[in-house]
Amino acid sequence: MSSVSLNQNLIKRPGRLVLLGRYLRRNPSLTIGLAIMLGLTIFTVYGLLTINPKDAYPLAVRPQQPPSWKYPLGTDFFGRDLYPAMVIGLWQTAIIGLFAGALGTIVGTVLGFLSAYFGGILDKTISTICQILIPIPAFLIHVIIAGAIDKRSVTILTMAFVVFMLAWMGPTLVIRAQVLTMKERQFVSVAKLSGMNSFGIIFREILPNLLPFIAAAFVNQVFQAVFASLYLSVVGLGPLREPLLGNTLWSAQSQAAFFNGWWWWPIGPTVALALILASLALINMGIDELANPRIRTSE
Amino acid sequence: QEVADIPREDTLHLGWSLTSPIGTTNPWLAGYTHQQGEALQWEPLSYFGIFTDKEIPWLADSMEYTKDDFTELVIKLNPMAKWSDGVSVTSRDVVFTFEGQKNIGTLPYNAAFNQFMESVEAVDDLTVKLTFNQPAPRFKFEVLTLKFDTGIPIVPAHVLEAVEEVSEFEGGADMPHSGPYSIVSWDVNQKVYDLREDWWAVEAGRIDTPDVKRVVYFNIGGQVGQGMDIVAQRVVNSELDSALDMRSSVIDNIIANNPKVTTHSGDQPPYGYLDWWPNSLWMNTQLAPYDDARVRRAMSLVINRGLINDFVYEGAEIATIYPFPLYPGLQAFVDSPAVKALEEELQPGLYDPDASAALMEEAGFTMNRDDLWEKDGETVDATILGFEGIHSDIVPILVEMLRNGGFDSDVSFVQDAYQQMGDGVAGLYMFGHGASLKDPYAALELYHSRFSAANGTSAGGNRFSRYINPEYDAILDEMAPLSDDDPRFQELAAEALGIYWSEQIDIPIIQWLHRIPYNQTNWTNWPTTANPAMGTNGAFWAHTGMLVITNLEAAE
Amino acid sequence: MSLKYIGQRILYLFLVVWAASTITFFIPRLSSRNPVRERFAELARMGGFAPADLEKIIADYSRAFGLDKPLFQQYFDYLAGIARFDLGVSLNLYPKTVAMLLWESLPWTIGLLIVTTILAFVIGNLLGALSAWPQTPNWIRGFATSFVMLQGVPPVLLAILLIFFIGFKLKLAPLGGVYSIGTIPEFSLSFILNLLWHQMLPALALIFGSLGGWVLSMRGMGVTIQGEDYVTYAEHKGLGARTIFRDYYLRNALLPQVTGFALALGNVVVNAIVVESIFGLPGVGSVLFAAIRSNDFLVIYGIVLFITMGVATLMIIVELLYPLLDPRIKHT
Amino acid sequence: MTTTTQAAATQAATTQAAQSERETVLTVTDLVVSYYTDAGRAKALDKVNLTLKAGEKIGLVGESGSGKSTMALAMMRMIKAPGRIEAGNVVVGDIDLMSLSDKDMLQARLSQIAYIPQGAMNSLNPVTRIGSQLVDAMKAHTKDVSKEEMKERAIAALESVELKPEVFKMYAHELSGGMKQRVCIAIGILLEPKVIIADEPTSALDVVTQRQVMETINRIQEQIGAAVILIGHDMGLMAQSMDKVAVMYAGRLVEVSTVREMFTDPKHPYSQALIRSLPKLEEKGVFEGIPGMAPSLLRLPNGCAFHPRCRDVMDHCKTTRPENQVLTGGRRVTCHLYAEENEKAVA
Amino acid sequence: MAPLLEFKNVSKIYNPGKDETVALDNLSFTLKEEEPTILTVAGESGSGKTTLAMLLLGFISATHGQILYKGKDIDNLRGKEKVAFRKEVQAVFQDPFAVFNPFYTVDHLLEVPINRFKIASNKHEAREKMNEALTAVGLQPDEILGRYPHQLSGGQRQRINIARALIMRPKILIADEPVSMVDASLRANILETLQVLQKDYGVSIIYITHDLTTAFHIADSIMVLYRGSVMEAGGVDEVIKTPQHPYTQLLVDSIPWPDLNRRWGQTDLVPSEDSVIGTGCKFYSRCPHAMDVCKSRPGLFQLEPYQTASCYLYKDKPELKTEALSSVLPV
């Protein structure tokens, strides 16, 4: 063998944290999105540890008070303290979002994988079902489902479940498309040659590479779920007593809060929702960049 | 067709929710409502001025019971009354109307006519004799007189006789009618009614020529449509002269923004007048735990009526202890010494959480870790069913009061609330008593066991309590044939009310107010406390809305 | 384009409608609610009293609506009705049929929705493309990003805020409605201007509501396309930035977005539901909102079906147009 | 098209003879380009010098990552972030490209200096017709030319690369790889530029198509008299169609020679190794690679970048960077081995 | 004993029907275990080379005919036999980057087969095997292991691929254009490694390429495909030095030899895009010698002991049965 490998000068790479920092600097939308999300999380967690949950429900405090030291976000017509209401609302919104988002993403990912990897009749069935369901406006079906459930048993989790019911087609199609291209990649062939079975190929070879896509799908799902929960509140389908952001907002609206000069009442949940959704949108934008190999300039 | 130009000064703009299909005017059409301007076209034999407690004869000059036992009624029509196509209103129309009500199942008073009417007969062109099969002292008032949302209008026989299936006949914009306005333009956004020059009532001297030349019903989409705040903004801007009833804080702000806007009580709270629909927390008294009067009473004891007034009504005294509205006749009744004594004794409005707790313990409940009453491992399902559009301010408050009293309560504004109430599923229902206006009979009759459907079947006519008490029934039966000015009637009524209170059949919460903004920029002479006008309520959408509108005067 | 392809598409449309109708038919029947009774109960509540023999009337009507037949019989009748474009009757607005409701409300919606969706599509895609384009000035990029963030403000909120501040406080726009109260509709310039004037705020609310989504997806697309060799090569050819942007970059990035267009209409309807009702516009959205709140089930199903059909048809139309946009695609 | 050996030989002879009188069309002086990456600055071109006369064909060879494409892009002024042209001049004809405004540079591209891309497969816009991609290039550079004339010229260009006029109306996906590559050539010659840079125009093609494309390039180049820079690492291709070869190693041009000199007497040790590694028909089954691996531009070895792999490494190679030497006959080498010889020559 | 590998009249047709592509047309050959050899499959783009590789690896199934591994149809292998087949038939692909999963370090490529086929009994032994294989292909293990694929050069990556094949000790290795994406200076190294594999480890190699230069240097025998059919086959010396089939002549003539004394392009080119295949010779439309008889498909004519061509120019020569193709392939 004539070739002699000489010890190549190894290039010193900056540490992971430094790289992450640089990456975030280059990806401002992800950074801002994550920062907002982090802020909201801190607000919620700190809040949950310090508030008295009872104050988030009617008759707890003096009604119709503008923001003050005592009531940082004011109080509403019903005598809720809007600060704990916001904390609990954020928490519940997070539960719905995460639950529906996670479920939708998991089911979508599993179906997408099954469909694309094994192909054949399974693929035909799954993708046809998705394609048939896609044009049906999900929200309207949510309404129909929510309308059919006995309202007294509606909880935050049932609401999340309703949202999830039609949230899996999007990720299924996205993941399916990705797996389809991914399984044509040569490393999959090599893994087969290395004796890996389908299970191993799916989980060890393909799945890790799809993480950015799955993350993007997840963020998107959470976005949809938060949105859907807001609209379900707006049309009056949901656990009304709970200070869900959508409920607070809509009850402010139905008590004509702006007109009555209680501006602080709707503003809180509006800002919170806007922040949640905007941060999700920004994170989505950022992850998009991550998932897109062309712009993934460095490791 | 060409629509005349009518200046804004001569036009009345009303904000209301429009749902009736375009072109449907026939009052016998299934799904007909009188609330969307139709009341401007269809007139009754007589109206009732609730605040003057007076009958207002209209198509009929008089309606008299001609037998002491209230089994015969003679109606005399006004000879000048005419349909808009020039045909006179005669006994033929009245007989046609009555017989139609008796024969056509879909008509709203079909049951009442079947229950009471023996026969109807045209004595001559202007006289009708109505014979009952049992004493019907309240038939004239309840059925033949238009007030609020009840009673029947007279329909043109010469038009409907020719129609095969009246309940499917739309009528159309040109259907001959007796009222003052005709519809000239109609789409989903608005209905435009123009004054008819040849309205019989002016010639007949019933009323002066109306100032309002045109009425526009503007579709605000109702409680499910444009929010109250936006409607309020349009009232402030004088885009609307009047609109649906609103919460007091909103009225407060409307007046603050536009001092020309007034209400039934002027610029002072409660900004409205009493509606006939006092609300209670109803419950199915046949289902545990509501079958226990102690539980019902315990719930009442944790309702703090003063707090309700403070939170929801800015201090106005709206919370009530009665199942009927305190109109003059009824006010007289509750002011009677008998009722006063009962109230003193039974304290129906008492707020006393300790007493409540004692009762609950007595009923076998214990307080669990969540501070909720529990028996056999079950909390009290005290979810309050209500209607979001009208109850979203009060119900959340009640829920918290019950919660604080240890009842596992929650809000539920489901669409099928009414159905659940009718079906008597366990729980609480926030709902009104649309019954009594002059005397307490109708309200008290709601709890007669005749109407107390067995569990599992549906309770009709808002009789959700399913209350069964032979003693109570006996009292009511004795009242039925008596006129309200009979002293025995008053005595029995007090007795029945005593049972209602002591048994806590339901929990009376609030009187119902109509807080309607009246914009005086263009129109004055709205019915108010100071100016009762013809004594009707100010709701332009009620049957008596026509009287409100035709009495308006142009602002200077 | 082959016959087989057309056949397939028609089958697809058929399947979509069938799926939507099956879902709408069966889900509500899983619960024990009786919409007819609910409707009468509601009527009774509004009138403040109910006829004593409510039960009998309900039975009569249930028969008229076929609710007393066996479930599957009902199902097939329902499907057969849909095949005849008979979407049933509104319970709440009886005797209005669903078709009538759609017919009345569609004109008010179509104008608004089509215009806003197209505007949002055009502006959103342009901004998205620009924000992925390296030569774009930073302020445009910031502008585009701010629209993505604006997505966080749901249109329902936007609508409320716009009316209160722009309409009521600043008096710069009407407080909703389709035209000024009391105007008699006619075919004249002043009336049309009046109409347009009233559509301004709702249009804004709807456009802002969906703009961000387009920005976001177009941006992703744009970044991919921008790395393509043919875009770089166009620069090598010495083409001006504008030509490259338009003919090489935008045209290619736009292709997948067009598929999204039809789907977006379905989502826009959701926004339209609340926006229309807040502005008091008598469009499909308002009708649907009212139907949802009053559980007027046939109206809900009818509109769901109608929207689904519309979206699916549009998707097919877009698909048929695709070869015009992308010569690589042929329908076989 | 018939290209016989004889014709080719005579043509080669005439070009050779004509070369000395020809004007210089390209002068690259001290071109420096760096990429600023996370891991640091990579000097992808380090003081590169090159001159070309009209009609001259030079091959640019070197290992992957040695900076060949970077040089092409730098000459087109198409280096994008994180890259930067840090010094140097590129003069085409009498235009100094580095001093042009961005707008003028747009004009210079294609009309002065044209680039034929590496991946012709993906270099054509998939959604517009081939014709319009020729026409828009013309439009960007010429005014007052009528549509018809542009179309005529485009079709003429297509025909000159042996494509049928119908191609004008076709789409990229309807063409084979070789045809697409020829469309790119047609675009490249549309405005008869002085310099044509072809970046591995054939490495994705099979031998037959490769030959066809190379023949096209050569013929066209003779027609318009442009100088050609052919980038590639296939020495066979260089031997068969180029006049000169420039060898690049780690961002520097280590040797520039005529093809004949390169194959018979390579000077730089890297060139020597390169030539040695070429398979020869006579020596079946004998392989001789270049030991070691290409250095990372982020961290070049001290001294001569090639010293860790060099057979003839000397002590000062490890510390001192060699300078560019011009040997007798105009050959240029960057190696310490020839420093003395060069000094002698100068003396 | 059954031969190691046997292609029996194998055809592969994509999208059978109207626009079908015959990617491989009635191909037969055998490889024997006791005679490890390097067989080149050459041909221009689209001639069916990769299809052949995919068939052999069992990634796709033949439309007609059978592929036998140790006498068993590879489509019907089960259990142990299947595992053995997987292990013993290996491949090295064209793109040295694409075969690495970007998510993992390069170790993954070597670890997976070791674990899967239980090549080593413990971690330590596995590591040793890896070191050994990497050293064998001329790489320094400690310099390579633990790095991500993009941190290595193309040549290094390709050699890791070969190391992987080494670890597996396959009986057959399919190398699909293993050097076409690698630098000229690295080509030599890789080809050399392949040669060592055959010589020292007794692996039969099917070397797929369109580059006849490398084929000439490395292979014993060659098979020239054109649109799925064998045009010419035999020993590399015979076929490349004295090509007989017009297509092979064209191919050989198109090689850009790095040799100033050999001029390029003696034969005329007929653009390939015009050609249509009828029932005749597939090369008909591009062939300078096209004759009328070529409108029917020619069989294989044996020219030399180790050379055969499918061309009517040699119709006087004895015809060779398709199944007997291997007899003219030297080992």
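For reference, chains read A, B, C, D and E in written order, and residue numbers begin at 1 within each chain.
By definition in this document, a contact is a pair of C-beta atoms (placed from the backbone, for glycine too) under 8 Å apart; a residue touches a chain by one contact, two chains touch by 3 or more.
Because the structure is predicted, anything quoted here is derived from the model rather than measured.
S.K.: Count how many hops through touching chains it takes, at the least, to reach chain D starting from chain B.
M.R.: Counted as steps through touching chains, the separation is 2.
S.K.: Between C-D and D-E, which chain pair is linked by the larger number of C-beta contacts?
M.R.: D-E
S.K.: Relative to chain E, which chain has the most distant C-alpha mean position?
M.R.: For chain E, the chain whose C-alpha mean is farthest off is B.
S.K.: Hey, how far is the Cα centre of chain A from the one of chain E, in Å?
M.R.: 49
S.K.: If you average the CA atoms of chain B and of chain E, how many Å lie between those two points?
M.R.: Computed value for the inter-centroid distance: 92 Å.
S.K.: What is the distance, in whole Å, between the centres of chain C and chain E, each centre taken as the mean of its C-alpha atoms?
M.R.: Chain C and chain E have C-alpha centres separated by 57 Å.
S.K.: Among the residues of chain A, which ones contact at least 2 other chains?
M.R.: 2-5, 8, 147, 236, 253, 258-259
S.K.: If a residue has to touch 2 or more other chains to count, which residues of chain D qualify?
M.R.: Residues 287-290, 293 of chain D each touch two or more of the other chains.
S.K.: Please list all residues of chain C that touch 2 or more other chains.
M.R.: Within chain C, the residues that touch at least two other chains are 33, 160, 164, 168, 289, 293, 295.
S.K.: Could you please specify the touching residues of chain C with respect to chain D in the complex?
M.R.: 134, 228-230, 232-240, 243, 247-248, 251-252, 255, 325-328
S.K.: Show which residues of chain D lie in contact with chain C when the two form their complex.
M.R.: Spelled out, the residues of chain D in touch with chain C are 76, 78, 80, 106-111, 114-115, 117, 119, 121-128, 132, 136-137, 139-141, 171, 173, 184, 187.
S.K.: Considering only the defined contacts, which chain B positions touch chain C in the complex?
M.R.: Its residues touching chain C are 3, 8, 11, 13, 19-22, 24, 29-31, 33, 35, 105-106, 108-112, 115, 148-150, 168, 185, 187-190, 192, 214, 216, 218-222, 224-227, 229-230, 233-234, 236-237, 239-240, 276-277, 387-388, 415-416, 418-419, 422, 431-432, 434-435, 457-458, 460-462.
S.K.: Using the touch definition up top, name the residues of chain A that touch chain B in the complex.
M.R.: Result: residues 57-60, 63, 77-79, 147, 151-152, 236, 239-241, 251, 253-261 of chain A touch chain B.
S.K.: Per the contact definition, I'd like the list of chain C residues that touch chain B in the complex.
M.R.: Listed in rising order, the residues are 33-34, 37-38, 41-42, 44-57, 60, 92-96, 100, 104-105, 108, 160, 163-164, 167-168, 175-182, 184-185, 277-280, 282, 286, 289-290, 293-295.
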